[in-house]
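Which chain is which? They are A, B, C and D, in the order written, and residues in each are numbered from 1.
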């Protein structure tokens, strides 16, 4: 795992190629995370790919509901030679959830970005076929946002529910 | 539909009479009644439902974890072949039992209903596991209980139910078929007249399902 | 109306080229797009493949998923931490110990807990037994696809023995909720070790039996060799891990690369294929079963004494007999049972080696008693992306053989 | 003369009787309800978009023709194989010639490449 100093060196190296790309670096539980400005994510991925992080193991979305900007996208990068894991994080607002897709750099992001679009509504520019992957194609709403109701059956155990009106309210 | 079970005493007396008959010391009126009981009373319907009950072909319809237990029901330990159920058919045309083994999501529900409609009469359905009977552990926006979109004959509890539990569920279905050979599911559940008649409640004529009005308003169950 | 030209007389109409080429020159054949749909005996669950066929040759394929989407990640956000484990276990229903291990590892990382050595060894034993069980179910259903029906009964016979072991140690056959954040729920009962040792002594012979039936079988060789080939570069590009990547020659295994839960104490080998075709995947998985048996044996030999659960009262329920005497135990018990423990805010991604590849669990804690976000990086979901490259321009029969060897579990794909 | 054919006629009658019974018993005993979705073709649970006039590839017919050709050849061999001793060496030579002729056809088909799947 890149230790704190390694993380800072990596952040500076990205800074050389992309001047204002890195917003913050977090070092938590021996795990490095780089907070990136959404506009530069494609370029940062190229830099990290040349720096050895050639395997993208996971892309997932997070909804930081109370604090803005709400929707987060996390890329878990892995360097197989030096056994390093690195997380690249970006925060996008629900008003304009637009991010560049990294499918041409890492083809594995194809299905996972479609799932983030399906569940959180983050639109990935340049994705070959951005449609819903898990929910039915005509489903409205993004289910895994925090303000979407968990839903489910209001469980009623009375047999005469239509005789007692407004029981379910 | 209650399964009637014979009192033990009567069963014992039948056994004794069968033994006497085998020994040959059953004569006259006694023998007459014995033969009458055995051969004459089986109507064609009961004979057909006996054959149908003992040779049901389930459809291979594995959804989730219960499918693994359904597979081990077919395997050698809790062997369903003892009751003639092991011929799992892939197409609904040749299957007459649909074992809903797993959680049905809202994307899968129309497909399960189409498979059930494409199965030939007479057909039965077993909702295996808590997820198919009720939504089980996942009471959320994406899981639908089986009773919401198709008529289910036997609900097998468990998450996942043991293979023996499923075999017990299948045997209850068998005794149900032997006991009550009404074939269409609408006759079985008193749902004549509920064929898909579109339109407000008032237009439907007064069949048994006529007064059923939907308790949940539109959008009440938030996508369930 | 002039008489039609007599075809026979014109030399250019008679074509003496061998029949094979003649067919090539035939006009563009009608492509058939058909659903290899959710309800199909060979899709191992409810995977739908939209396949474009030209006669018997697969021209294009696009997997369509979501038919088993259960909203597990949304449900986890509504449960307290120790209630999440039963929901998470039902995700990839063939590797339930692995799901629980990934989630517990992530939460232990957030809490900064140190799991006692005995609990780590018990976890390794159950993880490897679960890996053998998952490979046996793959073997049984994979054999059905390739026509080897009787292999189903061989494989499920061993699966039943493993499920008996799980039932003995944790009370239930599947989804046992045996792992807990901080260790395991219950110590193994006496007599469990002997039964596992008996199983470990018997299992290699069973694998020999299966290999004697299948490995040299002419039909199996014809169906599996040089079909569904995928080289290492495209697999890594698609993020494929696990037996599929190892069959292509890359010995990447998280148990060796980033050892977790004291895997570094055991010596075991990583089976690696050469060509990366279906036959390599078949042999790699069978060899993995042998390696798992060796791990279980070593874990049993080195099983240390000591606590099976972390001592920290903030997380672990105090033992029953203490409740009668000490007040703190009662307060801890009450706090844990009513509200569960709180995890300090933070995010962590914890990856382990599942039977189908890297199974990662991302947990974000916001300081309350419920996880704010749980995401499971499922190997089958990612491995399905490479499926198109494996079967393009192959026959439909090879599509089924490749799907059998890909071993997707749709619970993990659709979460 | 009729007596010697009686077993064959009885056998024929029984055969058609059982065949008809299996064909009609289902419709007689089983209930039939024509639901719309029951008429649709079964395509793994989805409404099927395959149009009616779909033409299968030529290779399928080619393989079917070759199969029928060589299958009938085997059927002709059965009566000979059953009564080989009764016919004596004449039948043996006859069968060899028969098989040789078809072997020529087989070699022609093989060299023309019709056996490899396009």
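Note that in this section contacts are C-beta pairs under 8 Å (C-beta built on N, C-alpha and C of every residue); 3 or more make two chains touch, one makes a residue touch a chain.
Remember, predicted model here, so these are calculated numbers, not experimental data.
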> In terms of CA centres, which chain lies closest to the overall middle?
Replying inline: C
>> Could you work out how far the Cα centre of chain A sits from that of chain B, in whole Å?
In response: 45
>> Roughly how far is chain A from chain D, centre to centre by C-alpha average, rounded to an integer in Å?
In response: 59
> Per the centroid of Cα atoms for each chain, what is the distance between chain B and chain C, given in Å?
Replying inline: 33
> In chain A, what residues contact two or more other chains?
Replying inline: 135-136, 143, 148, 150
> What parts of chain B, by residue number, touch at least two of the other chains?
Replying inline: 107, 111, 115, 139-143
>> Among all residues of chain C, which ones touch two or more of the remaining chains?
In response: 37-40, 66, 69, 71, 74-75, 78, 414
>> Which label fits the chain touch graph of this model best, line, ring, star, complete or other?
In response: other
> Can you name every chain pair that touches?
Replying inline: A-B, A-C, B-C, B-D, C-D
> Of all residues in chain B, which touch chain C in the complex?
Replying inline: 60-65, 67-69, 71-72, 75-77, 90, 102-103, 105, 107-108, 111, 115, 131, 137-143, 159-160, 162
> Contact residues on chain C for chain A in the complex?
Replying inline: 65-66, 69, 71, 73-75, 77-78, 109-110, 112, 236-241, 252, 257-258, 346-349, 351, 358, 360, 362, 364, 372-373, 375, 377, 381-382, 384-385, 414-415
> Touching chain C in the complex: which residues of chain A?
Replying inline: 28-29, 31, 33, 54-58, 60-63, 74, 76, 80, 83, 85, 87, 106-108, 110-112, 115, 119, 132-136, 143-144, 146, 148, 150
>> Which residues of chain D touch chain C once you look at their complex with the stated criterion?
In response: 43-46, 48-50, 54-60, 62, 111-114, 116-118
>> Please output the residues of chain D touching chain B within their complex, sorted ascending.
In response: 29-33, 35, 37-38, 40, 42, 45-47
